[in-house]
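Dropping the structures in below, format is structure tokens.
Common to both upcoming complexes is subunit A, partnered first by subunit B, then by subunit C.
Coming up: the complex of A and B.
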């Protein structure tokens, strides 16, 4: 009995050849890659077609025509402009605010630790829910923020309903949700910086602005780049905040890429145009990511060289 | 059901006793009004089984439905047990909220999934689903005596509603034409008319407006009389749904159309005529002067809840929205009243555009005959009557139900002017859009243009010319 139990596993032992092993080890990554590549290539395929679900008889390859149409399509240029404006405004303001808050909370003590945890709360709220919350707060009839706006002398302030203030309103919501992300990343960066340069500057009596511009900021740049990279990628692909608040309106003030592509597919069932829009968005995201990653690597090399 | 309860229900279905006697008798037996309704429908279902039609043909079959969360769905589910008893079939269903419902339908059908045998839809959506080959022409079933209950009485469905669900698939083809395919069958429908707050109107000596000019004046007067409220609720979000209710109903009352259909079948934009520009100007002025401050984000939900909460004095939207807002749980419950609305003083009658919640059959279903049994039951006269009398299946799509005294009394007792409104406007009620594949693109752009006009970003004349140019370009690109 005991012989049988001890000898059985030895008999079933499976040997993997040395040549096959690397492929087997990388199989999970390969499968994940396939899971990403199949939808991606399908989207590329669709983007090269005249493909509208409501006109199946018209379906056929038009190769780059969907992309060429964008050149003369004012709606596309508007989408590009709105997406870039939104991404730039949100990321710039979030970086400024996030850095400011991180600097204020840099010193480790109970109060700062507590505040930094509390400030993470918006990040834990689903952006769509946050948008609905802000939609209520900015309701001109009963919203608390509309009430404060009236107190400040802004009578009949219409927030996201007014084309003049719609962008500002959704940017504020984005800042409320995502500034904590940048803050926590930069706070971790600030607290991990080596102490020696700061101690040396303090001994020499270097003014604080000089320390910030010449020591803190350059050393924090990799963290800033990382935060910017994540936020730019996410911001340029914004959907939930804008769709939940305005569905891309008023007019075409907030028709960012994802909203436009979503409406093109689910409402207009224009698969070809929707896929082409998403391919352009992918190209922009890919380019920006490359720029950021190259700069980040360059900085890392530089810092290693300096070290 | 006890023998006595059964006898009472059967006597009522046979017309031997009235509702009063039924309720009195059921009360004596300790049965509540709601339960009595289900018992009566069970008796009606048994009567249905006695007309020689083989309701048990698909006994043991199970079908699955894709449904939208709605009072019509609630009525269907409340009565479902009777269908199961009648046919011996099992019915599974998924219910999704309206916000995501049509995304789910599009995803399910475009993938060719056979998970769902039948689904709820609006007639506009079938202009995509039909040509795409996602739903079947139900004429084949309606006209097949071996598959359809002889008492189904298809002609009983209101003509404008019935025809609005049928299209021949040719862009610009008339709805309900002889060669049209019946892509869906109406469950119930909504007309767009005026719902007004009688309390506010009486307190401020306001008369119910009878045309667009009066509507503007009354809305402005109501706004100045109300403390913090606004005059009129209409939809304003950047969506096709902003165009189809009050806006299009008023627009077509002036003899205007969205698109012209040429002799060669080509479509061209028709929204920049002089009459259309005048109508748009007044509509825009009405919103600017008396509409909701956040109008551009208003969907049916905000329009309805505001009138139900007394924030707006009236709304030009779906009559059933007013019906629900007049019910318990709303601040203004019991204060809302209804009026048919003819925007054009020279028009003979109102011309409300309609939204129709309907049932369609998935082309990917593997048990279409069984699914048809469910469809004909769910849209049949017995269930329609049950829904109208006992649940909130308003507006029923069948003329026999509108003739039912019990239903009419139910409405007249609690919904001031509702029956009269319906009777006046129903003859002119139908879908007023031109059926074509770019429906959602063009109407969404129309709504976005309206938003720009209200925000004074573009003058009405210029905005409509730009819209017409863009519409023509898109039609041309799509070969329409």
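Coming up: the complex of A and C.
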């Protein structure tokens, strides 16, 4: 028992560092991320300047001018419209599809488990690579989907290169990648619901649609809400799929926030406008993510409580 | 809820078939394409009958692509290596930084701990370009432009929040009494962390690491903005590949197959933890 002699000083040393310990443990992680706060502040700074890389002599503060310009800038309103359309279309369709598939696979059996694992594959594909896969399939020369389109009577269907169908094409790719995310979240939710209300409803012979609308859906709401917010935040920032597919084209059909900001920065080298665009996107996602985190925490507490 | 109605059973079967078709067909088709030459790919109408060739994979591995315009050198293997290196190194560093922090957040509640944890989480939801664009300018000045070190640092933005929040949940699930008992027996805080907390949270840490690896691997925008050709991972490399002129379509497909195979394998291996990881620990799978 040589420990007994050393335990007293060790205990004292422990008390001294006790206050500092948690900070010491989390400091490295924090410092790594603080490096990221600096570029963030720089972006705020840039957004208040007239700053084009091609005209360094013209650089200077114009305060809110970049933001004020947006009011009359039709390209900005187009960006806002395209981003909103994209986020709304993808999330709405993914929710419907994801809920439908989760309900189909709800029962635990070998086949259903196998299918739900298979459906994870698109989610594990890098979105940029998923876009390339669909690009190969919609190639006008040899794409299998272009061939299917002609079989269905759409001559010369050009998918992402046609302004009319470009949005639809990238939305399909997004659905392909992210529906499984909503599906597995809702599937986990469905399977964690208490059994009693359903058994009681079955005993009383309650019709199935009624069970769905009055029991399943309300009990699933926290999961639906978490999944929706999570996806809206990501979808309104979508870059990979759109950039890899068309780089924002044809024309300005797909210039969502991040794509537009990227093009502004690297092609027209208008740093000020690019930063202001990203600040507006940040304001949107910050608001949404605050709501999301609150919901997510509540769900987390509840699920951990059950576990 | 037994479904006895035969019409409903048929409808369910049709629905499931359509779902599988939609989600699996693209992967199947790209895999088939990767074993074909341009002649069979360009056939109209398309057909699944062909003699498979491994030429495309051979060309990618040797890095010499035969095109109509002569031999084109493409460092696809280099891209693949970059992906492996960047993801592995990011996850390793993320674990070293993130696991102790996760323990601090879970066990040693301290002043401001929740605020700090949330600040870290909020990075997960900020638009990446907001940080990346100013960073291009800073990286030039710091000499970090187009270096592995710079990229790995930025990759922490994806890796750290994920590790922190998943591992924290696992630490919280360990009954505090187990640790107290060990501490009362005269062991130091550090020994308790190493001998009790770490092994008990082991599966969670492994799951977080695998998921973080997948996310780092699949990332596109960080490297697109900050890396040039020799440091690019497959996600960015494959894009350059497509725009290269006169390339064989089968080789693009083979490149895609090689790029997605590692994440598929890991996902299959870690599927039990996927739900928990994807919801940042909110939903237990």
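One rule holds for everything that comes next: the second predicted complex is superposed on the first by the 255 of 307 C-alpha atoms of A that agree within 3 Å, B and C clash if a C-alpha of one lies under 4 Å from a C-alpha of the other, contacts with A are read in each partner's own complex, and residues count from 1 in each chain.
Here, a residue touches a chain if its C-beta (ideal position, glycine included) is under 8 Å from a C-beta of that chain, and two chains touch if they have at least 3 such contacts.
Because the structure is predicted, anything quoted here is derived from the model rather than measured.
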Considering only touches as defined above, state whether A:203 meets subunit B (first), subunit C (second), both or neither. neither
Just checking: does A:286 make contact with subunit B only, subunit C only, both, or neither of them? Give me first, second, both or neither. second
Between subunit B and subunit C, the one with more contact residues on subunit A is chain C
Kindly classify A:161 by the partners it touches after superposition: subunit B alone (first), subunit C alone (second), both, or neither? first
Contact-wise, after the overlay, does A:188 reach subunit B, subunit C, both or neither (first, second, both, neither)? second
Output check: A:71 vs subunit B and subunit C. Expected answer is one of first, second, both, neither. What do you get? neither
State whether A:240 touches subunit B only (first), subunit C only (second), both chains, or neither. second
Who does A:126 touch here: subunit B (first), subunit C (second), both, or neither? second
What is the contact status of A:176 with respect to subunit B (first) and subunit C (second): first, second, both, or neither? second
Check the residue A:58 against both partner chains and state whether it touches subunit B (first), subunit C (second), both, or neither. first
State which residues of subunit A lie in both footprints, the one left by subunit B and the one left by subunit C. 135, 139, 141
Under the stated contact criterion, what part of subunit A meets subunit B in this complex? 52-58, 69, 135, 139-141, 156, 158-164, 245-252, 263, 266-270
Subunit A residues touching subunit C in their complex are 3-4, 7, 10, 14, 21-23, 25-26, 28-30, 32-33, 35-36, 38-40, 42-43, 46, 100-101, 104, 107, 115, 117-130, 132-137, 139, 141-142, 144, 147, 176, 179-181, 184-185, 188-189, 192, 198, 202, 208, 223, 226, 230, 233, 237, 239-240, 243-244, 257-258, 261-262, 265, 271, 274-275, 278-279, 281-282, 285-286, 288-289, 292-293, 296, 299-300, 303-304, 307
Which of the residues in subunit C end up touching subunit A in this complex? 1, 12, 15-16, 19-20, 22-24, 26-27, 29-30, 33, 41-46, 96-98, 100-101, 103-105, 108, 110, 113, 116, 118-123, 125-135, 137-138, 153-154, 156-157, 160, 164, 169, 172-173, 186, 188-189, 214, 217-221, 224-225, 234-236, 238-239, 242, 249, 252-253, 256, 259-260, 263-264, 266-268, 271, 274-275, 278-285
Residue positions on subunit B within touch of subunit A in the complex are 102-103, 106, 110, 127-128, 131-133, 228, 237-240, 292-297, 311, 437-438, 440-441, 444, 447-449, 451-452, 455, 457, 477-479
